[in-house]
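The following pair of complexes shares a single chain, subunit A, combined with subunit B in the former and subunit C in the latter.
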Partner chain A sequence: MTVQFLWIKLILLFTLLALVPLWVESSYIRHLFIIAFIYAVIASNWDLSLGYAGVFNFGHLTFFGIGVYTAAIATKALGVSPWLTIPLSGVTAACAALLMAAPVARLKGIYVVLVTFAVSQLVLQLVLSQSQITGGAEGMVRLPYLQIGDYKFIRDYKLGYYYMALSLLMSSTLFLVWLTKSPFGKSLRAVRDNEDYAQARGISISRQRVLALVMSAIFTGIIGGFYAIYLRVASPEVFSFGTMSLALSMVLIGGVGTIWGPVIAAIALTFATEAMAGIRGMEEARFILVAIAMIAVLRLAPGGVAGLLSRLVPEKN
Partner chain B sequence: MTVLSWRHFFISIAMPVLLILCFAIVAHFIGGSIERSSIVFFISLTVVAGIGVYSGNSGILSFGHLSFMALGAYASAILTLPVQMKKLMLPNLPDFLGSTQLDFFPAMIVSTLFVMLVAVFIGLLISRLDGSAATIATLALLVIVHGIIIGARDYTRGSQTFFGVPRETDIWIAGAVCAFALVASRIFRDSVPGLKLRSSREDAISARSNGVGIRNERLLAWVLSAGLVALAGIILGHYLGAFSPKKFYFVDTFALLAMLIVGGMSTMTGAVVGAIVITLVTEVLRRLEGGIEVFGIQFPEVFGMTQIGIGLVILFVMFKRPDGLAGLREFDEKLSLRFLKPERPAKSSAAQLPVLKDKAALVADSISKYFVGVKAVDGVSIDINPGEIVGLIGPNGSGKTTLLNMLSAVTPATSGLIQMGSHTISSLTSDRAAKLGIARTYQNIRLFSTLSVKQNVLVAALSKWPRINIREAMARSDAAMEWMGIENKALLVAGNLSYGDQRRVEIARALALEPKYLFLDEPAAGMNRVETDSLMDALNEIRSQLNIGLLIVDHDLPLIMRLCDRVVVLNEGQCIARGKPEAIQKDPIVVEAYLGRNKQTGD
Partner chain C sequence: MSDALLTTLASGLVLGSLYALMASGLSVVWTTLGVFNFAHGALMMFGAYIAWTVSEAAGLGLLSGILAGTIVTGLVGVIIERLLIRSFYGNRNMLLITVMTTLAAMIIIEKGAQMIWGARLKQLPRLIEGEVSLFGTTVSAHEALIIGLAPTILLALWAFTTITSTGRSLRAVGQNQTSAALIGIHVPRAFSIAFAISAGLAGLTGALLGSIRFITPAMGSEPLVKAMIVVIFGGLGSLGATAGAAYVIGMLEAILILTVGLYWTPSLMFLVMIIVLVLRPNGLFGRRLI
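Let's look at the complex of A and B:
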């Protein structure tokens, strides 16, 4: 797809989303949008490592979880202002990614899955065992909230949080689009598509992999921090298979390697699963349906929805 | 039936059984918490060995096996729960379940079979997926089964704890199940389907072009490993007496995962090593964590030390030995190189490759391959007869390898027909083509690099059609290795051989398929003159004695000119000349394609 086309699509999307509060006053619907934006950031950043770099990172939610707990611990235990903890979450997540990337960069295939998943489990175990700091399985509650002067962000039907989440999603998306169109992004794809040739052209595979993981962690961590401050809780749920498969399904259903696909899928799936949660007896079934959809996409349309769409719109080279 | 000798086979299964037996006796006599930890150890080891059967051999990591564990535990729990308790706990159970109560062992067998049946259905769905897509599908499977177990309240009490399960598991039962799992995983690894599966793990493309269509093998491994893991779930349920769906979801996977990584999941030895190391580290650190006194020094309480410890062990292993502490070979395979006498082929005269009698020519009629914007091969016709050597030459990028890929059905042709007798090769997959007698080697050597030379060749011999039994296949592979003069390297790891030897192994592997036609992509690349000459002799003999038709791509023009009956020249995807080698050498069009126009060559 041409770059201009992508920009038009993104500008349209974000203008639409920025106008939503004009006619949506329900605080619940706005809450769903905020959650959708959070998932959109997670999924599209995951797409950077999974789709562009081809690193099969199964621990992406770890970066999110680290962001969540950074914000929670910094505000609760250290008394840092919630405004500061959100960028701080990005920093700690990026550092964690650097640590995780060190062994991953040298590994291939199945071992990457094993190690990234092991790291995420390790972090979960640490959170569970360090209950004096993290609250263990119970998690942490009543974190401080965001406000400017006397204006609390929760007011006016969560207006402040809505635009905060949207602007984070926008910055993250711009960052990702810029990154993937840059020479760095192209070299990532070169590594993914043919390691040997990429290496022969002087691209260091390990370095690109490490960078891709770190880059994908930054906004994931930041949005984790925001998530904790917004909901005012941090719980080990964020590391669970349920959260992971939901985010992963957004990447896959949206379309791997497209950035905008996962963003759209995140918004659609958040609303779909939330709608199903309202139906009695569907509380668990919604995860099942998402999982089935994921398998169906893998089997029938490996390019995801974005792949299907771009097949309809003839591609120009 | 395995691909090991009887003695080797006996040692390979007697050792784990003995080990488990001794372990169980010692643990039983010490008793108390050691005995309890040992039961958990046996259960974990069963799971790790079970997952290894699928993941280790196929190279696809599965998260879904925890769900088989859960299904096994619940099935057996429902079957063994006393009828009165069922009425209280699960009043809505269907009659046939509500009124039955089985003993532990029948319930164990029924539940395992039930899980294996479920695994067959799921396996049929996902066995088409490869690599990371398959891993994601197994994750989805875990989520689905977890959801179903919580949703099926009438059977499972939903997310509430299921209790009252008869506590039948003692150290002997756990040990027996564990030993069974180890033996089963070891036998599968060296069975014919296990060997084929491992070859596809090493190199999926060349496994296919050597006749290995892995779908059935993968399904078999999937179902078997589901059964083993289900057994582990069953004895876990009967050990705990009470459990909830959470037990099989996400908190408890860390230790299992660590065992898989640390030991290495491709071997049974690895499963044992991983389980022992992680269990020991956990037990030691857990005691330290509580703040104990050692030699009068009081250690402070440190929480989370166990996890950090295991994390460090994982990192260390990943840095030093990514394949796990045990690596890719079983303990007995390492032993056999040093202590056991290598098995010599009985007598070389008994092991002969059959002479081909088929007269069908291979005919490709105007075949093309278009990639986006590039016509890699454009309407080329070529034919080869049995016992003939055809050379295929042309400048770099002229489409030689693409043509070879199409002739061996590795890539489908965009248009055109390839036929051999009554068979249409161009509509087959490469494993079917290989079974019909089309063998090939690759420009950038594609061996199963962690398997032994003999195993490399054996995979092909076992995949040929019509099928032959293992004894015959062994004899065929010995004969094929002798043809290429590598019989004394049979037990070495293929990936460690010299470049020239690797090329020879690849040709031997192709010969073991007993092909009608053999395509060689730059067989002499990287060989010195002496090696090239001996290769030429071998190829000449293959042609004259076995009556195989050869198609050779090479840049070594003297080799092509001396060896070939006919030569076909490609340039920019089109055939620009064909004929006898002498004629080709003088053809002005060929000279121009190779050297450029006359006026540019200067002198």
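Let's look at the complex of A and C:
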């Protein structure tokens, strides 16, 4: 896909999303959009490490969870302003990614899957065991909310939160597109597609892997901080298999290695699963449907929805 | 030796036996197919529910329940291999794709179980009532049975893969699929057998565990995570190393619970595991595999 075409698509998408509040006044629908934007940031950043760099990272939700708990602990225990905690969450998540990358850079294949997964379990266990700080299994509630002067972001049907989430998604997407089109992004693809060749061209495989993980953690952590401040809770559920597989299905169904595919899939799947939650008897079945969709995409359309759409447009790569 | 230490030793043995049963199932599939089955814990849970349905809901007795749990789960394993694994052989991303498809299978089985059996806790009766004295401390007879059964099953599994020709064909397929096919081994059949054995083991473990823990749709995830630790310690390559690591981990867990308490134990175990992997990327007893 040509770069110009990608930009047109992104500008179109974000203009549309920016206009949504003009005709959507329901605070519930806007809430769904906000949640969808949050998942879109998680999924597209996961796509950077999993899809672009080819790191078998199954601990991506750890970065999100660390962002959530950074914001919760900083505001509740240290009294930091919620405005400051959101960028702070990006910093702590990136540091955690650096720590996680240390063992991962040396490992290969299934062991990368196991270690990244184990790290997420380690963080979950730490959160559960340190209940005097983290609230344990019950989590933390009543976090402070965002406001400018006297204007609370929850007012006007969550208008402030809507645009805040949208601008975070936009910054994250621009960052990812810029990163993947840069020489660094190309070197990541080289490492993914042909390790030996990349190494022969002087690319350090371990270093690129570490960098990819750290880069993918920044906005994931920031959106985690935002998620905690927006919902005003932090609960260990963010580390669960369920959250992870939902985010993973967004990456896969959207199209691995495309960045914008997971963004679209995240929005579509958030609304689809939420709509199904309203139907009686579908509360559990909707997760089964998402899992089946994931398998179907892997078997029938490995490029995901993005891959299917790209086939309609002549490629000039 | 003090009483606390003896009790710890006994509970370490029970844990180690359970982990050995779980991890050896993972190892069989890994060595034959090169697939890491994330649905293994969910299959264990499924076995427990089938055992409960046959023995409690249908009232056919615990032994037939355990038997049914083992066989039905084994069949589910064959279905998983057919539907979710087989079409990806030879794909250069097979390892990653099968992690994802088995993860999807885990979600389907877990949510499916919740829809079929509900969220209410269930429990199986014990196979043998009463208590047994072991190293001067008492454990329940059911736990003693698990301690005895695990090595027996592992030994049988080892014998199967070294003595019988079917078992040897599994190892041949694991070492080199093309050569195995050339000497007349039906490779797809070997895959099905490996998955059936592995899932059957998971079902059996679940049915045995259903008597000492509550049966819930999420009961499989904790043992799966522990089996992953075992597999990382022992490496995935050989049954012996995996089984050995299972007992080491079981003991370590029991000792940590005694010394640092229930809260810190899981964190410490993960930490130890990550350190082991940094120092020895192929596991504590592992040989170079990949």
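Going forward, the second predicted complex is superposed on the first by the 316 of 317 C-alpha atoms of A that agree within 3 Å, B and C clash if a C-alpha of one lies under 4 Å from a C-alpha of the other, contacts with A are read in each partner's own complex, and residues count from 1 in each chain.
By definition in this document, a contact is a pair of C-beta atoms (placed from the backbone, for glycine too) under 8 Å apart; a residue touches a chain by one contact, two chains touch by 3 or more.
Remember, predicted model here, so these are calculated numbers, not experimental data.
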{"item": "Subunit B versus subunit C as contact partner of A:Ala77, first or second or both or neither", "value": "neither"}
{"item": "Contacts of A:Leu174 with subunit B and subunit C, given as first, second, both or neither", "value": "neither"}
{"item": "Subunit B versus subunit C as contact partner of A:Ile288, first or second or both or neither", "value": "both"}
{"item": "Which superposed partner A:Ile11 touches (first subunit B, second subunit C, both, neither)", "value": "neither"}
{"item": "Touched partner set for A:Gln125, first subunit B, second subunit C, both or neither", "value": "both"}
{"item": "Overlap of the subunit B and subunit C footprints on subunit A, listed as residue numbers", "value": "56, 58, 103, 106-107, 109-111, 113-115, 117-119, 121-122, 125-126, 128-129, 241-242, 245, 248-249, 252, 284-285, 287-288, 290-292, 294-295, 298-299"}
{"item": "Of subunit A, residues touching subunit C in the complex", "value": "56, 58, 102-103, 106-111, 113-115, 117-119, 121-122, 125-126, 128-129, 241-242, 245, 248-249, 252, 284-285, 287-288, 290-292, 294-295, 298-299"}
{"item": "Residues on subunit C engaged by subunit A in the complex (per definition of touch)", "value": "30, 36, 83-84, 87-88, 95-97, 99-101, 103-108, 110-112, 114-115, 221, 225, 228-229, 231-232, 236, 263-264, 266-267, 270-271, 273-274, 277-278, 281-282, 290"}
{"item": "Residues of subunit B defined as touching subunit A within the complex", "value": "55, 59-61, 63, 125-126, 128-129, 131-133, 135-137, 139-144, 146-148, 150-151, 249-251, 253-254, 257-258, 260-261, 303-304, 306-308, 310-311, 314-315, 318-319, 322, 373"}
{"item": "Of all residues in subunit A, those that touch subunit B in their complex", "value": "56, 58, 103, 106-107, 109-111, 113-115, 117-119, 121-122, 124-126, 128-132, 239-242, 244-245, 248-249, 252, 281, 284-285, 287-288, 290-292, 294-295, 298-299, 302, 317"}
